[in-house]
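One chain, chain A, appears in both complexes that follow, with chain B as partner in the first and chain C in the second.
After this line comes the complex of A and B, so read on.
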């Protein structure tokens, strides 16, 4: 993927530039664009079609969020029918659809972000400003597989000794408790051993810096500047009220000289990820066809 | 220099972000505010932790406790809501104090979401679990004395955690804080709330004694968190 070579700060800013307007603006144009961009990106990058369970779960979430709003919100001019004496209005249903699109598109973008920015990249970002927190997070991320492995070894040892082997529920629970107890003792002592080793290597001495494999290069600076420019333009259009949208009493979309520009810029932003990915794929297929 | 940057950040940037958000996102201002509050309330604790002299031993012991609570969440992932994170956070806070409790609670949320998926809910979970740890640390004297009080605290922490996450659910899906919607969210999440409270009590009863003892031992042996 092309994202391996982009500095994580640029990726994080890109993620924020896409999700913040989609999360906090009422204008459905943002949500539709964000949703379409995410879906297109996923189609291009995911090797297999999504699992039926994921699709089902997302549809249930979508429908639930759509339904919630008209049930509690009776504003709006176009009354469709009455439920328990309260009007269910077309506008409130549209607002529910907007909420659902917002929730889903942000969810999808979070998935994309999780893939583009691995935990190492996130820690590299944090490392400069919160070095101790980053160290805590990265060492616990390392400890998780290590401790699970240790727990398995301990369980095997217990079994080999002929303990907790009957498979009954009480026996298994007692065995699990024993393993957990040993795991806590072992890992706490392991922690002090690791910290002694850290001290021997000079952790915490004055003048030590954190190492990061990600270099902020000239290309990253250009990308960052472009992103910031587009962000400023979009936020400017939003602040001027030309991207405002209201659902009640009737759907109204504000229009101004810069509305189209705002929409085009946001679409550009949202589809950049899918576009880069698509371009890479075409290139890849092209080069492969030449072999 | 670093201090000046921090002060400028706190005094200028935060109000600017809040006011800017108020202008930009007039209609969904409360969602914006809630996300910001959740993120910003974690920042002072993390900065205080960064500035303090923490020995590498303390760091590694905290990392181990975070790893253990994340493993617990992964092992019990099959039962929704049933997770030992809150209990382990409280136990750490009882032995090592409120700051350690905050760190273990909030970073358990951050780390476990690498497995369960990060999203806009991450800061809320960090905030909720962190505050539970902090409170447990502040109340450590009475909580250490009485097992019953500890269980009550665990149950209340489960309920409080659920109520905090319900605020988030409503704000995220509705955009504004509608009381009716909030009550509906609470009602919908009621079984989950019960599971939270019960699992906290169960894990506290099971773990507080043995794990607490081990933590006290390592604390005395290595002279941690004095």
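After this line comes the complex of A and C, so read on.
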């Protein structure tokens, strides 16, 4: 994947650049573009087609968000029909669609971001500014599977030794409580040993640094600068009101000298991920053909 | 030049009448390799911890500790932090971070190194230790041997001049332990690191050492050449001498003189001095096979629907009253087989029968009362109460024993295992060997007809092993069937009737222990390897000695 070679800080900025306009603007152009960009990217990168359950769940979410708005919001000029004496308007349905697209596209981008930036990379980002927190999180991440494994081992052993005996609820609860209290003792014991091992390796000396295996290279700097430039332009156009959009009483889109430029820039941004991935693939196939 | 010096060191823990270390003096020369041995609880761990300032235990201390002539009290934190490396026994409790590369960077980060410096230090260590292929893995996914190598690599990123190692391989299987010792040997040879190692597996490290310290009751009793430790230990106690390499024990039994052979190769040289007209020792007839206690046929098992098969068409027969030992590499599925026998997991195909009755047919809890009981690899998992006595009482409760009878059962068990004074203590405060005995006591109170043991000798010293052997022989004599999963070939050779090798999800070889060991070249005892090709069927050191003496010396 192309994104694996990019510094996590750049990826994080990219994620924000895509989602912030989609979240805060009312202009559906942003949402359609963000949604389309996410879907295209996922088609290119997901190893398997999405599970039927995921698609169903997303569709239900989409329809629910679309329906809720017109049920409670009766503004808008184009009345379609009446429900319980309230007008269901075309505009409020459109607004519902906009909300649904907004929620869905942000969700999809979150999923993409999660794939691009592992917890390890996120920690590396955090480590620079909050080294203590990053260390704490990393050691907790290590402890969780260890505790789970330990709990399973104890439970199996005790089951085998007949602690849960009769299988009655009271027996199971009492047994579970015993195992849990011993697990706490064990983890205190473990913590003492870990802290000794940390001290033995010089933890607590003054001036601890934080190391990251991710290098912020020249290409990352260029990408970062480009991103910041595009962001500034888009936010500028948004702030000038030339990207404003209103649904009530009728759908109206503001237009100005820079509206088209804003839309083009945002689309460029949103499709960059998919484009890079596609280009990367073609390139890779080409390289491979030469092997 | 002396790198580390200890003079008249006496140390007592608070609230303890007896000092843990008494008048200990020795010095480590730069580039030397020293082994500290002694029975469990002799004070060798305390000594190693006292030499690492950051984790030195709290207590009353007299005498002097010096590093490069500087007293520990005045030693700079940065110097002692980076130049004196320390590694403990448990691989898991020394790993701090989530991924391997973070763990390797942890120590250099503590020293405040710059990113570029850390990058080269980490790369160097990962390459030297052969960690590259698992550099990006989560530490959780590593095997025990890999974890301990990672811990060593992490200490080495500090570029220490002295390594203090406290029984670093006690929790590892023999193959991983061999890899670890090989790495220690390399660090010593190639980087000139000074090593002080507490260890009772002397078999592999004695040839590397240039000095051995023997500590008993907190005092140094022997401080000298590795070659002299054999005669010395035999003069002290039979139990400790059992921890010596097979070749050294053989040397002692034969009453040889001159330098003791330290390795298998040297041991082979030694027995060539004896004739080999009589090649085999007389074998008593195998015990008549009783009724089957465990009967596994065509068993298949996997963890989870999409997992891999751990048991593949496994078959195993164990007869009533015998002691069966099962060998096999780490992660080969031996422990899984035990869990299938005791009913914690169920096979998806095939049959498992206990004493002629399918495991499935036992009612809830019935199997745990008087049929099977298992001692897991980590004895700590057995305890759920605040004292050993409460845990034992819980076992009695499971068996439905109470009142006077319960007291009687507990007292009898404590007497049998010699654990009377442990009953009032918290299980986690016991030493490894004591924990093992206390856990075994709880398991035995369930009065099993079939006792399952998972690596019972892990981390035990020779004296404890000998004690455990005695206990198991008693239990077996009383009619209990025993199935032991172990890596410890010496242990199996001493007490098993039959043995099997577990490989690729099934028992590949199975037969009387003598046949299995004398046919195997690697998974066998050191005694077998010494005798291989020269004598026929001896599997223990005493058997070789017997043959040597029967044949007499070659006169030339």
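For this structure, a couple of remarks:
To be clear about the criterion, the second predicted complex is superposed on the first by the 270 of 291 C-alpha atoms of A that agree within 3 Å, B and C clash if a C-alpha of one lies under 4 Å from a C-alpha of the other, contacts with A are read in each partner's own complex, and residues count from 1 in each chain.
Simple rule for what comes next: contacts are C-beta pairs under 8 Å (C-beta built on N, C-alpha and C of every residue); 3 or more make two chains touch, one makes a residue touch a chain.
These figures come from a predicted structure and were not determined experimentally.
Taken together in the superposed arrangement on chain A, chain B and chain C fit without clashing.
In the superposition on chain A, A:132 contacts chain B only, with no contact to chain C.
In the superposed model, A:202 makes contact with chain C only, not with chain B. Within the superposed three-chain model, A:120 lies in touch with chain C and out of touch with chain B [touch as defined at top].
Of the two partner chains placed by superposition, only chain B is touched by A:106; chain C is not. In the superposed pair of complexes, A:184 makes contact with chain B only, with no contact to chain C. Annotation: apex chain A, arms to chain B and chain C, angle 70° (C-alpha centres, rounded to a multiple of 10). In the superposition on chain A, A:141 makes contact with both chain B and chain C. By the touch criterion defined above, A:213 reaches chain C but does not reach chain B.
In the superposition on chain A, A:69 contacts chain B only, with no contact to chain C.
By the touch criterion defined above, A:160 reaches chain C but does not reach chain B. Taking every C-alpha of chain B against every C-alpha of chain C after the fit on chain A, the minimum distance is 9 Å. The residues of chain A shared by its contacts with chain B and with chain C are 119, 139, 141, 181, 185, 189-190, 194, 198-199, 203-204. Per the touch definition, chain B reaches chain A in the complex via residues 20-21, 23-28, 31-32, 35, 46-47, 49-50, 54-57, 59-64, 66-68, 70-71, 74, 103, 107, 110-111, 114, 117-120, 172-175, 178, 180-181, 184, 206, 210-211, 214-215, 218, 222. Chain C makes touch with chain A in their complex at residues 52, 54-55, 77-78, 81-82, 85-86, 88, 90, 92-99, 101-102, 105-115, 118-119, 122, 138-140, 151, 154-155, 158, 339, 342-344, 364-365, 368-369, 372-374, 376, 378, 380-385, 394-395, 398, 428, 442-443, 446. If you check the complex, the residues on chain A that touch chain B are 19, 23-26, 65, 68-69, 71-73, 99-100, 103, 106-107, 110-111, 113-114, 119, 130-133, 135-137, 139-141, 143-144, 147-148, 151, 177, 181, 183-185, 187-192, 194-195, 198-199, 203-204, 235, 238-239, 244, 246.
Across the complex, chain A meets chain C through its residues 119-120, 123, 138-139, 141-142, 145-146, 153-154, 156-167, 178-179, 181-182, 185-186, 189-190, 193-194, 196-213.
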